[in-house]
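First the structure, then my questions, so here it is.
Letters A, B, C and D mark the chains in the order given here, with residues in each chain numbered from 1 onward.
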Amino acid sequence: MSIPKICKLRVGILGATGIVGQKFIVLLQNHPWFELVSVAASEESAGKTYEKAVAGRWKQQVDIPKNVARTKVSQCDPHAMQADFVFSGLDGAVAKDIERSFAESGIPVISNTKTYRMEEDVPLLIPEINPDHIRLIDIQRKRRQWSGFIVTNPNCVAIPLAMALKPIYDAVGIQKVSVVSMQAISGAGFPGVASIDIVDNLIPYIVGEEPKVETEPLKLLGKLAAGKVKFAAFPISAQCNRVAVQDGHFLNISFTTAKKTSVERLKKLIRDFRGEPQKLKLPSAPQNPLIYLDDDFRPQPRLDRDREGGMAITIGRLRECPVFGYKMAVLGHNTIRGAAGAAILNAELLYKKGYLVRSRFS
Amino acid sequence: MSIPKICKLRVGILGATGIVGQKFIVLLQNHPWFELVSVAASEESAGKTYEKAVAGRWKQQVDIPKNVARTKVSQCDPHAMQADFVFSGLDGAVAKDIERSFAESGIPVISNTKTYRMEEDVPLLIPEINPDHIRLIDIQRKRRQWSGFIVTNPNCVAIPLAMALKPIYDAVGIQKVSVVSMQAISGAGFPGVASIDIVDNLIPYIVGEEPKVETEPLKLLGKLAAGKVKFAAFPISAQCNRVAVQDGHFLNISFTTAKKTSVERLKKLIRDFRGEPQKLKLPSAPQNPLIYLDDDFRPQPRLDRDREGGMAITIGRLRECPVFGYKMAVLGHNTIRGAAGAAILNAELLYKKGYLVRSRFS
Amino acid sequence: MSIPKICKLRVGILGATGIVGQKFIVLLQNHPWFELVSVAASEESAGKTYEKAVAGRWKQQVDIPKNVARTKVSQCDPHAMQADFVFSGLDGAVAKDIERSFAESGIPVISNTKTYRMEEDVPLLIPEINPDHIRLIDIQRKRRQWSGFIVTNPNCVAIPLAMALKPIYDAVGIQKVSVVSMQAISGAGFPGVASIDIVDNLIPYIVGEEPKVETEPLKLLGKLAAGKVKFAAFPISAQCNRVAVQDGHFLNISFTTAKKTSVERLKKLIRDFRGEPQKLKLPSAPQNPLIYLDDDFRPQPRLDRDREGGMAITIGRLRECPVFGYKMAVLGHNTIRGAAGAAILNAELLYKKGYLVRSRFS
Amino acid sequence: MSIPKICKLRVGILGATGIVGQKFIVLLQNHPWFELVSVAASEESAGKTYEKAVAGRWKQQVDIPKNVARTKVSQCDPHAMQADFVFSGLDGAVAKDIERSFAESGIPVISNTKTYRMEEDVPLLIPEINPDHIRLIDIQRKRRQWSGFIVTNPNCVAIPLAMALKPIYDAVGIQKVSVVSMQAISGAGFPGVASIDIVDNLIPYIVGEEPKVETEPLKLLGKLAAGKVKFAAFPISAQCNRVAVQDGHFLNISFTTAKKTSVERLKKLIRDFRGEPQKLKLPSAPQNPLIYLDDDFRPQPRLDRDREGGMAITIGRLRECPVFGYKMAVLGHNTIRGAAGAAILNAELLYKKGYLVRSRFS
């Protein structure tokens, strides 16, 4: 790749050949602050050009950027990558050691992987929800003696769920939540879901998904106090299904609020919601993180997933519920707001807050 | 059509060209008790052969039975149809007057249409659940001065929902239920859902569906006493979605029981459940009305909808729920157990119980 | 809508609520030369705001532009529309009289409709193929005594077919062609193809399609001489099928060239092809009207239909054929390059050539 | 499994856990002549019960037959399987040595695998087309010194192609053929095609497919003379695509006949076609191997693939072609008539002709 422009941070991607890794590459094109300088993947890929390494597996609707196509793929080794920080789209299976080795070596890891999400001293971050949790980084570094650090973003269902609940939780509290997901096939990566399993069909189970959805939002909505996150204290029940949709995780959410409220007030809370990324005008921040649509037939994955570059969560059908207080339909783009875009927004916040800097070897 | 065999009841179909009407035709082929002798449809179709009337709209995976193909389509007029009773797959819009005119004229109507379902003196019937409700027929006839009568089957989501809940309700009671449906496109008839609305997509709203799902099961599970159905008294919340599946409505059901129980007990209740159709060995009755599958990845619409000729409800993933007591996945074939097959099973019960007889003009 | 900027031509759309009409609206947003000032549709729509008229039928992945949403829909009447010219996305059934009435009244019609395509004095135009055919306009006006005129673009399969053949035809001639299409569902409009006809299925017939594909390319590749188009003289066989793809018509084309050539030469002809729109740098012109991909697994509708804003035709798998000389796979976006985008490119050419001007009432 | 009934041949399946292997199991249930007694698969599966070995990969719409579920999976070793003959659904990669070892050991192999199809002394057999080719078995045995033998069935596209052409070839000859296929995803096995590659998409290339389609029909239609098959002598061009259909390979076939004929004559040839399996009333033989449908919208995969238990080929839209003489649409079920059902029909013919017998160790 070409020499990065003076003022941009140099970025690497771990797991660059997977579906999330590919999305990182697409979203980082022309990023104003970050310049992709290195891509790393498994040993079979290392040493090949990215184009060769990803041959037959590049599934984006745009071509591989030319400079990336010809870059040599590195091993996932902090000494092999001259990056100011890295994004990780690694498989959970291998992430533990690799991400730690980068953090130890002084290279911050902005990770989409589940491995460190629920560790006590690791921020699980959505900049609109809990930007103050980044203070865990200092604790993390001290405790682990790392010169770098790890920051994670949540699971692709936990993100739209937590975002839709955030303004409600803040204003009127939440007592309990039940969520049923209809998740896109891109969420399973490539090759992921076999076509004979999903054409004219759906699958009622996604391994390991429900526990994440039932716990991660509670950390996200938790309060940081005395160096610890005190989790939000309401139960979540998740039922996760796979459907024949390319992109866009769709949720039916039922919830009971702690205080009395009304459909109109809830819609207004959603429509008025803005967070730190909007205040800071982060490059990847949507103008409206939550979009409420009054049409009963919306949101729909195909029509709404790409709103605000895939970074907005779309909500509709908010109404009273005879069992819970309310119910609603929620949609988020799973590989953008639910994965690569989420991590990039995290990095943007961290950059603005001074946690990501140009390293000395530059 | 040929002259019916001596002992069979002569059957007509109202709304015979629609998707449910077509399914009646397919399922009544070779029926041991009923012989299809006349098909009726809208005025545009009347007078044509069935084959011509349905041209371009026959969507079954088998051909039109030859004798039906050449039958002339009647108008939906009791005087035009020499039937001992009729099945109705009419549109709700026109059913009210037509079904009444048959009942008045002495021709029983076994209806799949929503119009009369919630009328106080009309049985809403699933033979496995509330076979005793057929006694409402006597009240109905007396009150309305009808020589015939109307019996209805529930909505295509209410059926698998009520069936899955039935053994649980009887054994340990139910306090509340939340159901999210992923419904097949055949449920919307033909042309029904436009393909550009459902390929790579789902639709979060089905007009008029949720109120039916939230009320019909309560009548089904109600007790008949003093000539009235006392509805079951628990709230149901329904969220109904359309997905790109040909046949098979899939439900995620969360529920709280009245008494303490366990996952193992609930599975056993489901597996052991048998009803009147199984006792009476009705021709369309499945051996097991409820099938429990231990594989976490089941039920799936494509693999499980056709069990027991599409008349069994398949259940899986029954587990504890952090918000309700339990949750589970449930599947039923929407045009068989959820529509035409449901009505035929109703007719079989009524025949066995003496409510359907060969009329004098035979 | 707002007052158009001084220098832009004012544009109307006939048939503005259909799928092609919607695509016109999306593509004309921010057009540098044309400003959408009026939208017309059928009588039921006329008088409503566009938003209301199109309610439940807007199927684009972006919202209705705000100024269009609030515009009142006109009737398709030249006296009701203050436009310098109009685009027509009308149904063939009604186009004949309406389009003529506009041309008679002095308002040029840039039509996507089939009705006038094969009339002797009406240009059937693809700017990359036969820009000189616009001279037919003068003949048309004289003969028909019209102050306006009609220019048409071809059918959505004929466009990628003729474009893929153009450089080959010019360089080495063509003796015969066989094409099999797999066409997207958006090509049938809304509601168009019923979902139960296409999920887990395909349809081997599209009414009226094959004759267009077998004749239109011959007019496109024809030579204008002595005021008439002398059609290209080779036979085309078309077999047209509908498949479960949202957008993008895919073709398998077999062809025999008149002169000897080679796979390598043909690929080079395709890659080097540029036309008048590229020379004139028309705003909607793709840089490369034909893109050749060496990957055997391409083109694919989902991955390649949006290249160059949906205006490029993508070609792959060009190889020798044991029956014809060669065969190849070709893809074009059916509602952009194959419909609305095609008409807009035609208008851009006509504007540059002085056939579209600001009318006196401005 | 239970002890086979006296008079049935004992059958084994090689590659029993794959999609074709599964279909063998389903189709052999209740077979009047053959009794499944052993199932073999790769080393990872060997030793497990079939149920365990196939866990998560059983994709049939019926359950695993109970006796098969509990059978221990063998290795693909002739000494480990007490079978009178075996069906092979092995991967091409491993079939060569394994199938030979069975043939050497005296166990006939009825194979669906490509490996031996084009060997000079191996019958490539469709009983309706070239039943006399089974005489190659004697030559094969003599030349190779095998006590068993190998008989193969063709590729899943070559079968419907050759069958549709057979009556035409016999009556009026064929000069050339061009075929474009739209192939079902089940043809790629499990996991096979990734869902993100096929939802809202199609794939224009199937590795290794076109050469088979271009050659196998010529051996099938060839004449056996002097111990050799003299191939039919016309060129075939194939273009093979994958589409989002579960089952059923659909073909657009264009062809030129050697002698003059007519659409009506060709339709009659198709409708009147019967072969040896129909004469012999083989258990799996369809009554009509070729079914002609006059409806222009047929055949369609979902509606027509299961005709005659998936063993009939359905044909429609036969019409004149401006480039070839004629063109038509053809459909065959790819895993039944195109794979497992084809092999079973071959075995039935061989049994009737005395090539499959109860072996001495019984």
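To be clear about the criterion, a contact is a pair of C-beta atoms (placed from the backbone, for glycine too) under 8 Å apart; a residue touches a chain by one contact, two chains touch by 3 or more.
These numbers come from a predicted model, not from an experiment.
J.: Centre to centre, using CA atoms, which chain is the farthest one from chain D?
T.: A
J.: A-D or B-D: which has the larger count of contacting C-beta pairs?
T.: Taking the two pairs in turn, the one with more contacts turns out to be A-D.
J.: Quick one: report the Å distance separating chain B from chain D, using the average Cα coordinate of each chain.
T.: Centres of chain B and chain D (C-alpha means) sit 40 Å apart.
J.: Averaging only over C-alpha atoms, locate the centres of chain C and chain D and give their separation in whole Å.
T.: 44
J.: Distance-wise, how many Å sit between the C-alpha centres of chain A and chain D, to the nearest whole number?
T.: Here chain A and chain D have centroids separated by 48 Å.
J.: Residues touching two or more other chains, restricted to chain A: which are they?
T.: 59, 197, 199-200, 244-246, 297, 302-303
J.: Going by the contact rule set out above, which residues of chain C touch chain B in the complex?
T.: Residue list for chain C touching chain B: 19, 59, 185-186, 190-200, 244-246.
J.: Which stretch or stretches of chain C touch chain D in the complex?
T.: My answer: residues 176-178, 180, 182, 197, 200-205, 214, 235-237, 239, 241, 243-246, 250, 252, 254, 296-303, 316-317, 321-324, 327, 329.
J.: For the complex, which residues does chain A have touching chain C?
T.: 56, 59-61, 199-200, 246, 297, 302-303, 306
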